[in-house]
Structures are given as structure tokens and as C-alpha cells.
Amino acid sequence: MNADKLRKLFEQVRRGKVSPDEGVELLRHLPFEDLDFAKVDHHRALRVGMPEVILGQGKTPAQVAEIFARLARHSRNVLATRASNEQFAAVKKKARGAEYRELARAITLRRERKNYGKGSIAVVSAGTSDVPVAEEAVVTAELMGNSVEHFYDVGVAGIHRLLAHRKALARARVVIVCAGMEGALPSVVGGLIGVPVIAVPTSIGYGASFDGLAALLGMMNSCASNVTVVNIDNGFGAAYVATLINRV
Amino acid sequence: MNADKLRKLFEQVRRGKVSPDEGVELLRHLPFEDLDFAKVDHHRALRVGMPEVILGQGKTPAQVAEIFARLARHSRNVLATRASNEQFAAVKKKARGAEYRELARAITLRRERKNYGKGSIAVVSAGTSDVPVAEEAVVTAELMGNSVEHFYDVGVAGIHRLLAHRKALARARVVIVCAGMEGALPSVVGGLIGVPVIAVPTSIGYGASFDGLAALLGMMNSCASNVTVVNIDNGFGAAYVATLINRV
Amino acid sequence: MNADKLRKLFEQVRRGKVSPDEGVELLRHLPFEDLDFAKVDHHRALRVGMPEVILGQGKTPAQVAEIFARLARHSRNVLATRASNEQFAAVKKKARGAEYRELARAITLRRERKNYGKGSIAVVSAGTSDVPVAEEAVVTAELMGNSVEHFYDVGVAGIHRLLAHRKALARARVVIVCAGMEGALPSVVGGLIGVPVIAVPTSIGYGASFDGLAALLGMMNSCASNVTVVNIDNGFGAAYVATLINRV
Amino acid sequence: MNADKLRKLFEQVRRGKVSPDEGVELLRHLPFEDLDFAKVDHHRALRVGMPEVILGQGKTPAQVAEIFARLARHSRNVLATRASNEQFAAVKKKARGAEYRELARAITLRRERKNYGKGSIAVVSAGTSDVPVAEEAVVTAELMGNSVEHFYDVGVAGIHRLLAHRKALARARVVIVCAGMEGALPSVVGGLIGVPVIAVPTSIGYGASFDGLAALLGMMNSCASNVTVVNIDNGFGAAYVATLINRV
Amino acid sequence: MNADKLRKLFEQVRRGKVSPDEGVELLRHLPFEDLDFAKVDHHRALRVGMPEVILGQGKTPAQVAEIFARLARHSRNVLATRASNEQFAAVKKKARGAEYRELARAITLRRERKNYGKGSIAVVSAGTSDVPVAEEAVVTAELMGNSVEHFYDVGVAGIHRLLAHRKALARARVVIVCAGMEGALPSVVGGLIGVPVIAVPTSIGYGASFDGLAALLGMMNSCASNVTVVNIDNGFGAAYVATLINRV
Amino acid sequence: MNADKLRKLFEQVRRGKVSPDEGVELLRHLPFEDLDFAKVDHHRALRVGMPEVILGQGKTPAQVAEIFARLARHSRNVLATRASNEQFAAVKKKARGAEYRELARAITLRRERKNYGKGSIAVVSAGTSDVPVAEEAVVTAELMGNSVEHFYDVGVAGIHRLLAHRKALARARVVIVCAGMEGALPSVVGGLIGVPVIAVPTSIGYGASFDGLAALLGMMNSCASNVTVVNIDNGFGAAYVATLINRV
Amino acid sequence: MNADKLRKLFEQVRRGKVSPDEGVELLRHLPFEDLDFAKVDHHRALRVGMPEVILGQGKTPAQVAEIFARLARHSRNVLATRASNEQFAAVKKKARGAEYRELARAITLRRERKNYGKGSIAVVSAGTSDVPVAEEAVVTAELMGNSVEHFYDVGVAGIHRLLAHRKALARARVVIVCAGMEGALPSVVGGLIGVPVIAVPTSIGYGASFDGLAALLGMMNSCASNVTVVNIDNGFGAAYVATLINRV
Amino acid sequence: MNADKLRKLFEQVRRGKVSPDEGVELLRHLPFEDLDFAKVDHHRALRVGMPEVILGQGKTPAQVAEIFARLARHSRNVLATRASNEQFAAVKKKARGAEYRELARAITLRRERKNYGKGSIAVVSAGTSDVPVAEEAVVTAELMGNSVEHFYDVGVAGIHRLLAHRKALARARVVIVCAGMEGALPSVVGGLIGVPVIAVPTSIGYGASFDGLAALLGMMNSCASNVTVVNIDNGFGAAYVATLINRV
């Protein structure tokens, strides 16, 4: 029931064609979904400047291209994650300005570059193999209007590499840490800084890493209290939450 | 916003004190929760005759007794599951007519005995150790107004015991099967009859039963297509669903 | 021992060629399997109108086509699940009228369209990726003579999409809910309606979804009492049980 | 090497008793730990007003009391989590003003009540059994200088209870959601609001909940992008991160 | 339908009171269970001399005593496994001659001592902690009429202890091997001898033994082809199968 | 140290060239491995007529062919398990008389057909998908000189199919049961007969079968005491143990 | 067959009472175990100064005391691990000089204090809760004749605490690192130093630590190449291996 | 801050241009990373003669070749592990002298052959399938300047093969043991010798080996106290630690 229909009901009540009791009954029997106009959205501000997002994985190049082009008509920024070179080839024929971020496996269309964040987001990764996940976070955070700094290959077995960036890390408003294998990096980073750390376990590793389970469990048990965790390889989700924290 | 308030709004519209547009705005800004009257319940019939239920586990005898007594004031039948003897001692002081079904670990108050089901529910259990779970299902189903038959100690290692009850089983409208250890019984029962089988894995067993996990996995992989599964030891839930099936 | 042989035995007893004691002995030593005629089937009615079913997975196109054609000679409706396009190509050469339901990955032959159900079955799915499993349930339920309604892409992260269908859902006699990832949808649906909910965990997801294990565990622990669970991706099984419930 | 020692070195250099080259050598051979004064702390502001914290679990009442009393000498607010009644009895003899928050199993000393947060924190819990974890989050957040609102018993099987609080939830700057069993609540809450959701799986449940594993996996796979997860039953950690987000 | 009833039917047929066709119909409608007399048992010989068995675990002393005494009336040998001292105290008042085998946690009544096996059974255990499981196997095998030899504390980390018994082991017709921790012993024993080895993983160990799971998995993967496995701590089952092998 | 060397030592002692004390010292310092002649083999009889065996999996066709041909020179029967068509093509060029048992994925050379068993081995499988594993057991048992009977497609969901074979099963001296999915068949078979049952879980199934883990756990928890278990898909191992039992 | 018997055999050969061929035969038929004197032990040196060890867990105070006293008669140093206060009370009555190391839960008798190591062993632990495991390693290493240094409470969330000890750590010849929760410390330590690191996961933690599994998996996946791992809580084993490394 | 900058500061202090207090302040505000000169490295000796290492897995042939060639300019020995034939083809065009160790899947450049170890390293493997992992350990240990002996195909099911090598094994200073399936070999080897054993679980096996998990758990639970464990298939890591032990 949209506002128009409701207004007509009130008109009929005013004109006496519908009694108040009948009005109550009519409203009572309206399907729930028509009351939808009553929904509130206090957080619209947080959504301004957010790109439209497509998950590339499991879609054909043609499907990705079509969805991408359609979204590009209404939204200034568009992001396709887990996208292949083939998907990008199809997209760029339909969406002028689309670019492929190979390391991040992401297709981006970025026509608005306004910074909506109050601070910057740091993205840290443990090893070079974790970079694709970290880059997914970087690209996502950029398209969502954040200033982003990244620190790669600073794993815990060479702790001085991480310590060398301590001051830079300390400038961030929120830090994303991607690590596979033992997943120890978020704890160390979490102990160095005083802002929220979003830990992303990666599926990097072999044997007893069990496709990221070891890293995931490690991060869940972090002895640093400022660490929360997202799903294995979920660079996008980490950047999304980091964006929300950077905007509040 | 209850019906009274809404009626007053319509009255004001009718009297011209509130214009239709103002009425729309007023409704629009009403908190969601006040529109609650619009909720529909097509299944009320299914709920008639259902007892009020308390989970005894984790509550003190005094707590169980107080809740039980309160519910007994408004509901004719009351059920406390996973209840101890101590809890029953406290309950019976406050709720006259309450009984303790020791095997089922259940306290029952049954003042209405009408049969709401269209057929009967059969409860089957594999071993004597599975009986408490089976009895929880039996007591629950009885209090929910079903006719119930039970068949205990008919495990698959002595298949003739089960086959001896085949005709009786075939009379049921829905069958609950409780089994621990390898959890094979639901598949065999499911192959014998043509009605829905609700499988309840029990935590009975040791070693590689891993507290019911073996039985749970076995039942999920049942080669009989008429088997669905509920949580380990969840005799109550099985009886609840069986009741719904018996009433439709 | 078929009826003929048994009749001959009785004839011999009547004619005095076999004494009653000898008759007892003869029966006693008959192999068990020959007593098979004594089997009862109280649920034949429930099986009327059920299609013959083939599991396509793991069979060659030629095998599927041959089995399908053979079944089509004796049964009006035939269903092949988990079937590929190649299998369909082979089938349609042998079985006129066979169709391929691509989303459902099912080959169907539907020559009888009688509705055997007493109500309708609703099939709900959380995300677009869950649709193949949901469609398997839809196609199966249709071929089994049910009226089916489906509600797709109504996941819990956008609860209003689900709520918008509440009244429609409430009309169903049994509801199938397919969901991957966290598998939360059955609990929410189960709380909205009063009929049995059959939950189908799907293998959709990545990382900590562990190929459907997360969804499966979630559904086993549903806080809604009217939920039972079938195996991961088992749309067929869910529809089979729903059909039984819809016919009782 | 503290500042005093370093100053003496500079004095000696100034007085010519130590040459610049000798100064370099002396510094070079100083143990690393003495360079500790060089550490930077850009986030000190975030730490102002934070209580000192003790983990009660695994400590004797005497130990808790002694540590508590010592901390109370230097810090205005002190918090002991997972604390028993016996521990509180010992604490209150030594620390005047200490209180026991029974539901939260927490001992608190709160002499400063200044609000350091920029918004409020909402704490949501699914069932009454999850309340102890939720209360640990509430008490922690309060002692860390946040304004806190809580919404209990709003599990997904009765979604209208949650929806009734939608507007109130939408006012929060960050939301903590505690849920056991299937752990579905964070996804639903995450879909309703636009701020970060910190999910806390609880060990509530039985059977296939596997002491919180089912809830943990469910939350890791949340289809709502604004959800991050902490360890099972870690109400304290959730409140700590929420505090950081509320202060940035 | 017992033989008497069947004989009466034949009598009636002979006397012409029931026609052959009516006889067929009457048999056809007899419930399945009454045809039970037709059951065959080709293996009765294997069961001669087997004791009656009670699982003590989970039963009260009174229950064990009552069942034990009842069985002792009809069976010469009786065995109660996983039995406590308290249970034995109750049993010995009711069953004269009952003894308690403390290491094996078994109550035995052994009035027949005939050897039914064709060879002997060897029971091997890795460490002293595995002895209770090994003793359960020993006592069970003895009561089942086998000649039994045992070899304890011959774990793989001191392989010479095992090798010292090689010739004695080689005399057995079947070998039971009980081992916890890494469960390696069955593979080594299996390589030394040419008869069937029944491996019993025990729950002995800590940490990554996960209550016997490590030993169980190790034994399932044995590189010795003559090894089969029973459930964790299942000394009784191992002895039962060994008895069957020793009798065939 | 072979017998010759030892004899020389004794000669020297006899001739006085080596004193008894020197003899002891010489023996003491001989390397352990040279004492190898002392090894006993009481079970050689059990090994007579056993084929040589190659695991095809992970080897190139050329490797399999070469090993196969070499073994065929010294052994009358040769078996290659988990062998592909390509491997067979290579083998048959080098080993005349080799045959490919496609269902069993086995290459066999069988020049001796003597029956070494005292009875027969029955091989039972639950579904058609389990047949490859069952056939591996059948072929292995045949080449090891056993009389083998097989019973396929007798799963527990159609228990009458199994019961129809009860008498035939009862004739076997040992029974191998292959089953995937819930792995319930060994328990049912175990309850019907009185001889040892060797259960082989198969990796057949999907979803919660977890590649045979569900079947494995189910079989470990079998409520029939005459069941032991081998590794998933290990038809060869089951036949090997069955052969040993059939020969003792 | 001990040296005496062997000497007698040689005597008889020398005297011509036994021919060389008969001598060979006699040796051939000697049971394997009697050849035991031939065993070589190249590593005896490594065992000098090692204490006798008892596992206290699962033994009664009387048993521990008796074994302890017996060992104390022949060995200068004795160690009982996982020992309780009650066990110590019993031991000290029988073994003068025995001491209880409460933190380590160890009873020690140390009458020889010679240092057999070539360097020192460092024992590092992450949190105060890990100290019992670390102390077990310390006490064990001390009794095995090593110089030991310990560094406690240097977890990765406060990395400066660890770095402050870097030079001291670098002096050790082998380092033992005990850590629960995420088990990250060994990787960080391993990256700081160039000697072998033995990682001991502890069962410290809750929720997703799964009794040490998370730490174990983390350590198995360490990105530092100089890390090996022992069982959960196995401080004793770590010290044993460290001792071997310190002596080679 | 390098030494030059520091020296200038001291110069300024000496000349009175910077007061001691100002000097302290200046040092205090220098970024941490500039104090890097203070880092100590006591273990450089252990690193002499170590090759540069590349992980081939996941890199293109061109990438491997480029990195290999670059490293070959500065380092005398270079090792690429998990390398394919294709990668070697690319490498040998750029790095003269590079060789491919096919079994080990390793590319090596070995221009320095000095032995840096104090003893030798023994590498033992259980089955032929474990050889690739064992060879990775052998090649790594050789390039790291160790004397290496290997003992293959000495699995526990044929224990005499292992015992035949006991004396040779006893000569090693450290032993690496690679085993899949049940992973029992390290325990047996550990019991035979007195030096550290580094156990490498391999992913060899099927079914319940779960890609090496069974072997890993078995090794973690080894009853031999001198065993430590590295990740599944981690032959490189085992050789690295063995090298460290061989050099200390």
C-alpha cells in the first residue's frame, strides 16, 4: 500500500464513504508489504558514495558485462570482485572507463573520487601470496571513498619489517590485516596500535592450514582485544566494515 | 498503535480535524511496532490445544515452579522438558495435577485430553539407552493432542524385532525414529513405510560416536528419501513437527 | 514361495497326501524369501502418481537415455535429477516429450498433470546461487503432483524481502527453505509460519562455509521448532518429504 | 636506557668526556630494551578512561581481591570479568565501592562515569540463555565510558520482536549481537542497519551446536557485509572493539 | 503364528472346513511377525558357549544385579562390562560365584570353562594405560571359551619389547592390539604376523589425541593389510569378533 | 651374517683359532641385520597361493607394465588395483594372459585357480555406486584363492532385498559389506548372521557424507558386535583379511 | 640368550661336543629375544645424566610414591610430571630430598647437578596461563642437566616485551616456546633468532581454541622455518628434545 | 637513523648547539625504524653457506627463472622447491649450472659444496609414495651443506627392513622421518635412536587419511619423546631445522 492508496482511504473516510471502524478493518487486512513506506533509514548518509557491487565468481563473461553495464547507468562507481580477465574483456566493450585490477581480480569503474572517510584505512598482508586478498580490500576501500595505505610482506617471522611501519600504521583509523598459514599477524598488529583491526584469514598455505581454517581459528583466538574476524579470503567484507568505521 | 488509536485517527479525519495528507504523514511516522495489529496468522488452528512449554535445563527448581504455575493459570496443558526430580518437587507444590514422567525427564500438567490429530504418531527407538529421548517425544506428542504409539528396542542389529512391528508402523501418519551410535534405524524404517520419518540422532554411544555426531551424519545421508533430521537428542522438536504434520 | 505353490500344498493336505504336521514342517523349511507375498503395503495410495526417478550424476548420457526410455514405457512421469545438457541430448532422442529444466539440472517427462496434494508447497531460497537446489525441489514437487509456489532471493540480510511474502508463505501446507552460507533463513521462515519447514543446506559459500557444513550445523540448531533438515543440496529429498506431507 | 641515562651521556659528550664516535658506539651497544623510551603512542587518547581489567576465571578469590585492590589504587575504574560470587566476597573487603553484576558475572568499580563515546552502543541477544554474554558486553562497554542500550530475547524465530526495535537499533553507532544455536541473528540485524555489527557466538545450545562452533561458522558466513566476528562467548572483546569504534 | 496355529489351519483344510484358496488367503493376511518360526539360524554352533552380556555403564547397581541374577538362572556364563565396584557389590549378593576383574572393570560368572576355539587369541597393548581396554578383551575372550595370551606394554617406541614376543605372537590364530596415542602398534604387529589383527584404538592420550580420534585414524590408515578396526575402547567387540574367527 | 659365516666362526672355535670368549665378542659386535637368519615365519602356509599386488594409482602405464611383467615372471597370479584402462593397455603388451576387470578397476593375471579357502566369502554392497569398491573386493578375493559370492544393491532402505538373501548370506564363512552414505548396511547384515563382518565405508555420497566420513563413523559405532572396519574404499584390504579368516 | 649361555655353546663347540653345523642350528632356533645382547647403543653418551621419569597423571599417591622410591634407589635424579600435592605428600615420606615444584606440577629429586649441555635452553611463554606448561619444560630441562633461562608473559599482543629480551634469547642454543590461544609466538620468536625453536601448543583459551587445536594448527603452519611442534601441553617432550639438541 | 645522523647529533651536542635535554628529546622523537642499527645478530655463523630459496609453487616459469637468475648473481647456491619441469626449462636458459632433481621436484644451483655440519642427517621414508617429500628434504639438506644419508621404503609393516638399518641410523646426528597413512614410523625410529627425530607427515594415503591429517595427529601423539613435527609435506622445513641442529 503506497501513500497514494492510503490517501484515498483517508479521503473516503473524510467524505463519510468509509466509517472509521471500516477504515481500521481495511488497514488490518492490508497485506504487510504495503505498509512498507513506514520503513526508516537512519543510515542513508553512510551509504552515499558506495559503489554497486557484483560478485564475478560463477558468472559468465556475458552475464558480468550485462549487469555491470546496467549498474553503470545508475551508479557512478561500480565494482566486480573475483573477476577474471575474460570477464573484463566482455565488460570493457560495454562499459567505457572500466579498468581491471589484476592483482585484486577486480573490475572497477570509478567516476567519482570523493573521499567520504574521516581518516585512512591501512591494509596489511603477511606474505606475497596473501596479496590478492589484500588487494581486493584495497580496491574495495578505494571505490568506497576511502584513503588507503598498504603494507605488504610484513609477516611475523620477520617482525622488524612490521615494526618499521609502526608509525605509519598508527596513523590509520582502522586496519585490515590479511594473513594465511598461522594467521598470527593480526595479533601482533593489534598489540601495536589502538584502533580496530579487521582480520582476514586467507586460504594461503598447505597441509595443516586446511584451506584457511588454521588462520581462521588463530584469529578467533587472538590475544589482542581489538581484533575481529571476517570469512576466509573475504577482502571485500573487511573493506566494507572498515569503510563503515571510517565514516562514523 | 492499537486499533483504538487508529480508530481515533480515522474519527479525526472524518471530522475534518486531520486532513487526509496529515493522516498519511501521521501513519508514516508511527513507529513500526505500532503497526503490529496488521500481522496475520493463518495457522492459528494449528496452534489450538498446544501446551505451554518450559525448558527445565539450566533453571533452578524455584524458577521452574514459578514459571510453571504462572503458565498453568492461563493454559490447560503445560510441559517442562529436561526437568529433574528436584524441579518436579518444587512444581508440584505450586501446580496441582502436575505429574513427573521420569523416563522422559518431563513434568506435565494435562487438563485437556482432546485429540487434535488426524492420525497417530509412532515413536521408534533403537536401544534402551535411547528411550529418554524417545519418551520426550512421546510425552510431547501426547500433550500436543496426538494419539501416540511407541516401539522401543528395535535396533537394526536385530532387524526381525523391527519387522515384527511393520504393520503397526504402517498405520502411523508420521513416524519419529530415535537412534544413537550409527543412527541407521531411520533408513530402515523409512524404507518400510511410506509416510514422513523424522529422525532424532541421540548422544548415546562412546568413542567414535562423538556425542551423536556419527548418528547425525548417518541420518543426513539416509538413503531413504522420506527422512528428515532434527538436532541431537531433540525429542521435543521431533514431536512438534510430527504434530504439525498430523494436524494438516 | 508364491501363492500357487502354497495352494498346491493346501490341495495336497486336503487330499490327505500331506499330513498337517508335514505341512507345518514343509512351511518351516521354506526359505524366508518365499514368504514374501505376505508383505503389506498400507501406503500404496501415497505412491500413486509418483514419477520414476533417475540420479543423473555419475552416469553416461547413453546410460541415462536408456534407463529413461525404459522407465517411460511403464510410467507416465519420469524425472532425472543432476542431469547435464549432454544427458538431455541423449534422452530426447529416445523419449519423446522429455524436457530439460536447465536451472534445476533436471530432465522431465510429464504426461500426467493431476494434482495429488491437499494444499500447496512453497519453495524459498536465500540467494540467487541457491536457486539450482531450489529449482530441483520445485521440479520434483511438480512432477510428484503438487501445486508449487517459489520465493527466491529472500535472504535474511534483507528481511523485508521475506516479510513481503509472509501472507503468501502462510498459505502453503509445507515450506521448503534452501540456504547456503550461514543457513539462517529456515529459522526466520519457521518463526513466521505454523506449518512444517524442511530446510535444505546448500553448498553455496566459500571459506568457512566448508561446502555447506556451516549451513547444515546452523539449520540443525534452528531455534524454530518446526524445522527439520535434509542433506546438503538435497532439493529432491526435501520435495519428496514435502509431497508426503502434502498428501497425508 | 631511560632518559636520565641518556641525558648523562649527552652531558659527557658536551663536556668532551665522550667523543661523538664513542657516543655512537655506546648507543650501538646498548641493549635494545633500553631504547624503549622511543616508543610512540598515537592512540593514547583512545585509551583515556579505559578501566583496568582482570580475568577472574582460574584465579582464587584471594588473588582476584589482591589484584583488584592494587589496580584500584591507580585506576578510577576496575573490571573483573568471569568472576564468581566468592571472588566478589573477597574483593569487596578490600575495594570499597566494588559491585557485583551477577548476570554479567562481573565485578566492577566505577568511580568515573564520564561518557567518552561519540554515539551509543547497542547490545542485542537472541535468547535468554545468551544474556550472560550480552551482559558481559554491556558492563564492559559501560565501564569503558559508553552509553549502552540493550535488546534481549529478540531471536530470529520471532522476527517481529526484533523488528519492533528497528528504529532504536538504528540510533546506535555500533551494534553487538550475541547469539548461540544457529547464530543467525547478526545477519538479520546487519541487514536492518547500516553500522558495523560485532557478532559474538555463544556456547548456548546442545547437540550439533558443538559448544558454539555452529554459531561461529554461521556468523563467519554471514550474508550481511557489515558483520565481523569475535571468539565464542567473548562479550568483553566485542565491547572493547565497539568502544574503539565509538570513540574514533 | 506359531506351529500350533498353523497345524490347526492344516487340520481344517484337511477336514474340508477351509478350502485351499481360503488357506492361502488366511496365510496371506497373517501378520508378518507370526511367520517368525520360519527364521533360520545356520550359525547356532557359533553361539554355543557364549556368555550372556550386560553393559554396566549407565545402570544402577541394583539394575545390574537384577539383570545379572536373572541371566545367571538360564546361562552358565555371564559377563558385565564397564562395571564398577559398587555394581559388583550388589551383584555378588544375588549371584553366587560372581567375580570382579578389577583391571578389566568386568563382573564375571564362569561356570563353564570349555574351550570352543580352534586356536588361541593374543591380546597386545601398547602402554600400561591401555591395559583396562586390553583386559576387557581378555576377560571377554576367556568367557567366550577361548585360550588367551596377553602381551602388555610393548609399544612401538621400544620395538625390541615387541620383537621379543614375536614367536609367541605368531602362534595365535587372531591378534587383538589395543593402543592409544598414535595407534601405531597394529601396523607393526600386522607386519610381523600373518593372521588377522583386530585393532582397538583407546582413548588414552591427551592434547591432539582427541580422545582416541588420532589412534582411530592411524589404525584406519594402517599400511598392514591384515588390520581391521573397532570403535575406540571397544575391547569387548574386538574379543567378540576374535572369538568368531577362532571358531570358524 | 648368514649361516655360512656363522658356520665358519664355529669351525674356527672348534679348531681353537678363536676362543669361546672371542666368539662371544665377535657375535656381540656383529651388526643386528646379519642375525636376520633367525627370523621365524609360522604363517608361511597362509601366504601360499597369494598373488603379488601392485597399487596402480599414481603410477604411469609404463611403470605398472614393467612391475607387472617382472612379478609375472616369479608369481603365478598378479593383481594391479586402482588401475586404469591406459595402464591395462600397457600391461597386456608385456604380460600375456592379463585381463582387465573394468568394474573393479583391476588388472589380473590368474594362472592358478586353486581354492585355498575353507568356506566362501560373501561380498555385499548397498547401492550400485558402491559396486566398484565391492568388485575390488571380489576380484581380490578370487585371486587369493577364495570362492566368492556377491549380493549387490541390497541397501537398508529396501530391507526386503537383503532379507531375500539371508540364507545365502548365512552360508558364508566371512562377509564383506561395502556401503557409502549412512553406512548402515553392516549393522543390519551383522545382526542377521553369526560370522565376522568386514565393513568397507565407501566415498559414495554427497554433502554431509564428507567423502565417506559419515559411513566410516557409522560403521565404527555399529550396534552389531561382529563388525570390524577398514579404510574408506579399501575393498582390497577387506578381501585380504577375509582371505586370512577363510584360511585359518 | 645371554653371554654366559653363548659362551657355553662355544665351549661345547671347542670341545667337539657340538659340531659347527649343530651350532648354527642351535643359534637359528634360539628365540629372537635371547639375541638381545647384540643390540648396539651408539648414543649412550646422550643418556648419561638423564633422570628417571614418572607420569603422575592417573596414578594414586601410593603408586607414585612406590615407583618414585624404587627409582630413587638406582638413579640420582628422579622426576614425576603432572603430579599433585597429594602425590608429593606420599612421595616425600619415602624419598628424602624430593621437592615439589608447584607451578610445574612436578616432583623432583635432584642429587646430581652437573651441566651436560653445551649451551643453554631458553623457555618462553606467551601468557601467565601458559606458565604451568612452560615450568614443566623448565624443571625437566634442569633435571636433565641443562642451563635454563625463562622468559614469561611475552605474548605477541605486546611485542615490545618480547623484543626487550631479544639479545638474551639469541644466546640460547635451542628455544622452547609455549603458547595457547592463537599460538603465534613461535613464529615471531623463530623469526628473531637462528636456532631451533620447539613449539608447545597449550590448551589455554576458550571457545574456538578447541582445547589447543587452534594453537596446534597455527604452529604447524608457522611461516618461520626453524619451528617444529610437539603435542598440546607437552612441556616435558619439548624439554627432552631440547636436551638432545643441547648435547649433540 | 643511521650512525652518520647520530654522529652529527653528538657533534652538535659537543659543540653546544644542541643541549643534552634537547638531545634526549630529539632521540625520543626519532622514528623507531631509524634505530634499526642496534639490531644484533648472534647467529650469523649459522647462516653462512645457506642457499637462497624460492618456492616454485604458484609461480610462472618466467617468474621462477627471473628470481632464480637474480639470486644466482649474489649467492653461490640457489634452491627452488616444488618446481615443475617447465619451470626448470625456463631456469636453465638463464642460470648456467642449474639442475633439476625430478623426484624432489627441486631446481638446484650448487657452486659451493663445503660441509658445514658437525655430523650427518639421515632421511627415512615409509613408502615409495613418500619419496618426493623425503627427496625435498634430502636436496635441501645437501644444499645447506650437510652430509645426508637416506633410507627409503622402510615402513612399519615390514619392521625388519627398518631394523636392518639401525646401526646406520644410529650414526646420524639428527633424523628426518617422512610418513603418510598412519604416520607410525617416527615413533619406531624415535625408539631406536637417541637423537632428535623430525617427523614429516605426508599427504599420501586415501579415505580416512584426510590428506595427511591422520599422519599429523599420529605424529603429534608419538610415544617416543624425541619426536617433533612439522607441517604436512614440509620436507624443506624439516631439512632446515635438521641443518640448524647439525650446525650447533
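For reference, chains read A, B, C, D, E, F, G and H in written order, and residue numbers begin at 1 within each chain.
Following the convention adopted for this analysis, contacts are C-beta pairs under 8 Å (C-beta built on N, C-alpha and C of every residue); 3 or more make two chains touch, one makes a residue touch a chain.
The model shown is predicted, which means the values in this text are computed figures rather than measured ones.
Listing every chain that touches chain D and chain F alike gives B, C, G, H. Note on connectivity: the fewest chain-to-chain touch steps from chain D to chain G number 1. Where the sister copies chain A and chain G meet, the same residue numbers recur on both sides for over half of the interface positions.
A straight line joining the Cα centres of chain D and chain E is 55 Å long.
Centre-to-centre, using mean CA coordinates, chain G is 24 Å away from chain H.
Inter-chain spacing, taken between the CA centroids of chain A and chain H, is 39 Å.
Chain contacts: chain G has residues 32, 39-40, 163, 166-167, 207-209, 213, 216, 220-222, 225, 231-232 touching two or more partner chains. Contact between chains, per the stated criterion, is found for A-B, A-C, A-D, A-G, A-H, B-C, B-D, B-E, B-F, C-D, C-E, C-F, D-G, D-H, E-F, E-G, E-H, F-G, F-H, G-H.
Against chain C, the residues of chain D that register as touching in their complex are 126-127, 155-159, 163, 180-184, 187-188, 190-192, 205, 207-210, 213-215, 217-225. Chain B contributes residues 3, 6-8, 10-11, 13-14, 16, 19-21, 23-24, 27-28, 30, 32, 35, 37-40 to its touches with chain A in the complex.
Within the complex, the chain F residues that touch chain E are 40-44, 46-47, 118-119, 166-167, 170-171, 173-174, 193-196, 198, 216, 220-222, 225-232, 236-238, 240-241, 244-245, 248.
On the side of chain E, the complex with chain B involves touching residues 31-33, 36, 39, 58, 201, 203, 211-213, 216, 231-234. Of all residues in chain F, those touching chain C in their complex are 129, 160, 163-167, 206-209.
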